[in-house]
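Right, I'll just put the structure down here and ask away after.
Every chain is named by a letter (A, B, C and D) in the order it is written, and numbering of its residues begins at 1.
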Amino acid sequence: MGLTIGVDIGGTKIAAGVVDEEGTILDTSKVPTPETPEGVIDAIADAVQSVSAGYDVHAVGIGAAGYVDNKRATVLFAPNINWRHEALKDKVEQRVGLPVVVENDANAAAWGEYRFGAGQGHDDVVCITLGTGLGGGIIIGGKLHRGRFGVAGEFGHIRVVPDGLLCGCGSQGCWEQYASGRALVRYARQRAAATPENAKILLGLGDGTPAAIEGKHISEAARAGDPVAIDSFRELARWAGAGLADLASLFDPSAFIVGGGVSDEGDLVLDPIRKSFRRWLVGNQWRPHAQVLAAQLGSKAGLVGAADLARQG
Amino acid sequence: MGLTIGVDIGGTKIAAGVVDEEGTILDTSKVPTPETPEGVIDAIADAVQSVSAGYDVHAVGIGAAGYVDNKRATVLFAPNINWRHEALKDKVEQRVGLPVVVENDANAAAWGEYRFGAGQGHDDVVCITLGTGLGGGIIIGGKLHRGRFGVAGEFGHIRVVPDGLLCGCGSQGCWEQYASGRALVRYARQRAAATPENAKILLGLGDGTPAAIEGKHISEAARAGDPVAIDSFRELARWAGAGLADLASLFDPSAFIVGGGVSDEGDLVLDPIRKSFRRWLVGNQWRPHAQVLAAQLGSKAGLVGAADLARQG
Amino acid sequence: MGLTIGVDIGGTKIAAGVVDEEGTILDTSKVPTPETPEGVIDAIADAVQSVSAGYDVHAVGIGAAGYVDNKRATVLFAPNINWRHEALKDKVEQRVGLPVVVENDANAAAWGEYRFGAGQGHDDVVCITLGTGLGGGIIIGGKLHRGRFGVAGEFGHIRVVPDGLLCGCGSQGCWEQYASGRALVRYARQRAAATPENAKILLGLGDGTPAAIEGKHISEAARAGDPVAIDSFRELARWAGAGLADLASLFDPSAFIVGGGVSDEGDLVLDPIRKSFRRWLVGNQWRPHAQVLAAQLGSKAGLVGAADLARQG
Amino acid sequence: MGLTIGVDIGGTKIAAGVVDEEGTILDTSKVPTPETPEGVIDAIADAVQSVSAGYDVHAVGIGAAGYVDNKRATVLFAPNINWRHEALKDKVEQRVGLPVVVENDANAAAWGEYRFGAGQGHDDVVCITLGTGLGGGIIIGGKLHRGRFGVAGEFGHIRVVPDGLLCGCGSQGCWEQYASGRALVRYARQRAAATPENAKILLGLGDGTPAAIEGKHISEAARAGDPVAIDSFRELARWAGAGLADLASLFDPSAFIVGGGVSDEGDLVLDPIRKSFRRWLVGNQWRPHAQVLAAQLGSKAGLVGAADLARQG
């Protein structure tokens, strides 16, 4: 099978792209994300039809946030769109006349990295995506591990602090409250408020108040030596690395891939994560260690992965 | 292939058994566990030779505590026996003249339950063994998930309390410090010391002091309505159930199997674990729920599972 | 000195009362709480002048939420009113022509209970107020312990869970996030969402959804035997009692007084708090135990206490 | 009253000293600490009689670990000596013919620092002693705060981590498990085991194994720039400073004094504690901050303080 289409449903834009067998994106189309559930389906169909013009495409893969059932057809629950048991596969197939596969977006991104990015050469890979929240995807023996009901790999919501921070999921102490872009900003704001004399560079990048600190400021300030920014990355890494150590105890992959916006900072964040991972890896002198790799495909991993999953049928 | 031998290396006894294709144990032989690493190998060989007399056996499966490498040949590290990179497969094969497969004991027990016990009819199963510690085993798509390096499924040592209790593994806050037979005894002793008036039955089963409380007392006292004993089981269940909820987020199996000595108490402990599991299952109204089942093979699961893994080669 | 006036600044109403030397309220006046800082001062003056008509009053005591300086004159910081270094004493004195004493509201309530309520007969008392949040007051040797800077007794914001729930104060894991009326409602809502079958009575008192659960429902449901409501009180008591045990290690009073709306439920909440207190009291078999008493003055404790502090000058 | 004697009961030695009104030690006598409870009383009497020869002494103050009753006469419970409701005052008075006052050793040390050390000029002081464990003492309005039953100021056993490390007191998560000399060694050993490449200096001061790391090595290695040693002090400071912030919310002193062997390192440990204190101090921009001072009397604080408390009767 030749070309397929990958679709990535983001909070502000829906992107569709024609992808070849090497994972190369030949063409893309973007439309704003509508507010209504039905509007999103229309927009997906429009984007697919728009981008596929002139290409001989065979299938469509859609990466969607939320729980996708084990037939890869229905979105059981989406956190940001009001989809509840939404028959996404059927609805889009009727509109675009192509076979459609629906996949959790973090699973799609993990698959993309496994096939065409940092995971090449590995058969057992666990990916975490440190974006606004924390997502995950698991490759075991070269296959995407979806779980019996399709909802495996929801790493962001394992409990790492009993009675910890409230999470949007309704639970407390979820990992993504401690290891994510949102957590990084919280760390920086709290520290800057408590010890502004150690956050002069960081505070100077915004309007001088802790509330104005954004993720991009933290990266820039850390590179410039700001103590609060550096300490915020270290705190993030403490939680990310400790969680990877737990995932090693559970899945025992040969490599972890760390993606998401936070990982764009490369070794600034990867190195402390690696240290923390080794620090917390149980029995670390008696076992081979998984590698901790930076993702390579950036924000395109989900689209490319979804397209490839559609190709595989 | 017909009959195989399963070996279970316990802290006090080494048991070998001839097992048929249905998982039935035809004959067993037990010897005391020697203190030296070499002695253990001798004892394994003796037990195997003793029990196999008169049977046409084809292979030997050994369940051993600790890390076993991905060739199922070498024990990388054993917590209770001084084995470090011990070539167990080769040494036993030389002694008994049969093909040998080495497996982590909790993996072997999980496999036993999957094939012949509570896991029958399921393809995706996660087992936890609540014994003195907490062990685990994972079946995905009908296959034992061993991990890239052979050390997957070490559930006992995921961190559930940051800065929590010291663990024998050198880390802190490991799950087995909160959900295991040893944890149950600690809960009961602490509560009986603080509020002896609520532990009259429980204390009466020993010598009246908290230090004399043992696991069997707690079960008996709980059945007799002792408030401290009941509360101790509830505390154990809080931690066990919350951990299963995390495993559901990660692996998404169709069933959990709870084994080990603690599970012998059946619904006394299983029901509170089920409640706690549902309480902590993220998105529990939007997804199918895995069943939480009691193990069926008791202490024989490991021997039967090891024998069957040897049969499968 | 005979009669004095106590003022209680609440979120919706400001109450002023004429109080005699026995702590009896002879007359009260209430006005709605204005939205502007200056408006609040006007309202205090109005309420004082209104209620004092016809009485020979000598001084005014004002209980205010927030930090009050050690001269009992200036509100350094108020969480709900936009007061920052507000010279409350001077401003009100100019308006009402009487000596004014400003006190933290929880300190005033503690003093009221010490002088005329549950604390009578004790010289060393620690009070906690389980209202929307958690406030505290300390009596040592018959004197209110205000601290060197006037801000002692801020129990609500000691850290009981590292990396725990976010608090309005900007910190994390503060005690009032786990032991307060707001916490009680959170416990009930979380449990009712996870296990609605155990919350039938509780859910039936609102509109059937967890979000509609209010504090009064939980009390009523607990008395009717609703498992989730009972368990929610137990969770509250776990945290309240453990915190009292810490306060015993620090202050070693002869009695604790538990006030605030939650304590209106009497033994329904006091008994589990007492159990939890003993459970966590370090060295509990080697030391005399402080009593844990229910407050007696209800919502009037602050007003009566403020009036009495004004009398003492 | 002129000269008095202070007695300090340590784990290996009992020291008695003649102390004048300025807190100067004129003479001292040391004897090994006997193993039996009665032997300790004999040794105290011997040391007192030996050191007082030639001096006109009027009273004896004894600092003892454990709970001392509110008459300062009876040791209710001692952790290291088998004293249970031991009438120490009466027994020693009979032997030495002088009035005796018994005081908790950390209280005595706090009093010593308040009168003659870092606390001079302050009326409201909270001391913590970071020795093997963590002790505390409280001065309020120039008086030692002993509590209603004599057991106030047991800071070491407030719970800072729910379900945390086991403590010798039988509870879990006590502050002294996270902020004490013993904790510092644990931090260093754990980190050196996990990342030996960052602990080369530190490991080189012992026999190269983590288990051989002692407190003195950590100080020396930290001064030489060893990353693990520095990080271990930082971890200690995180917990010490956060606890001081809680004590500020509770007691609101004008100064904290940090004593004990760990504080001998001066700013190496004090500076990170100060940072952490400010980081966690609730409302830190709205309130005056207590100073965090290093103790000045070293290991003599207890002896000097006990002598002075005896003088005051």
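Criterion: contacts are C-beta pairs under 8 Å (C-beta built on N, C-alpha and C of every residue); 3 or more make two chains touch, one makes a residue touch a chain.
Predicted, not measured: the structure shown is a model, and the values here were computed from it.
Looking at the partners of chain B and chain D together, the chains they share are A, C. Here chain A and chain D face each other with the same set of residues for the most part; over half of the interface numbers are shared between them. Chain centre most remote from that of chain C: B (centre = mean of CA atoms). Rounded to whole angstrom, the centroid-to-centroid distance between chain A and chain D, based on C-alpha atoms, equals 50 Å.
The geometric centre of chain A is 34 Å away from that of chain B, both derived from CA atoms.
Residue numbers of chain A whose C-beta contacts span two or more other chains: 161-163, 170, 193, 280. Residues 161-166, 170, 172, 178, 190, 193 of chain A touch chain C in their complex. The touching residues of chain D, counted against chain A in their complex, run 162-163, 191, 194-195, 275, 278-281, 284-285. Within the complex formed with chain C, the chain D residues making contact are 67, 76-77, 84, 123-124, 140, 145-155, 157-162, 169-171, 174, 242, 245-247, 249-254, 280, 282-283, 286-288, 290.
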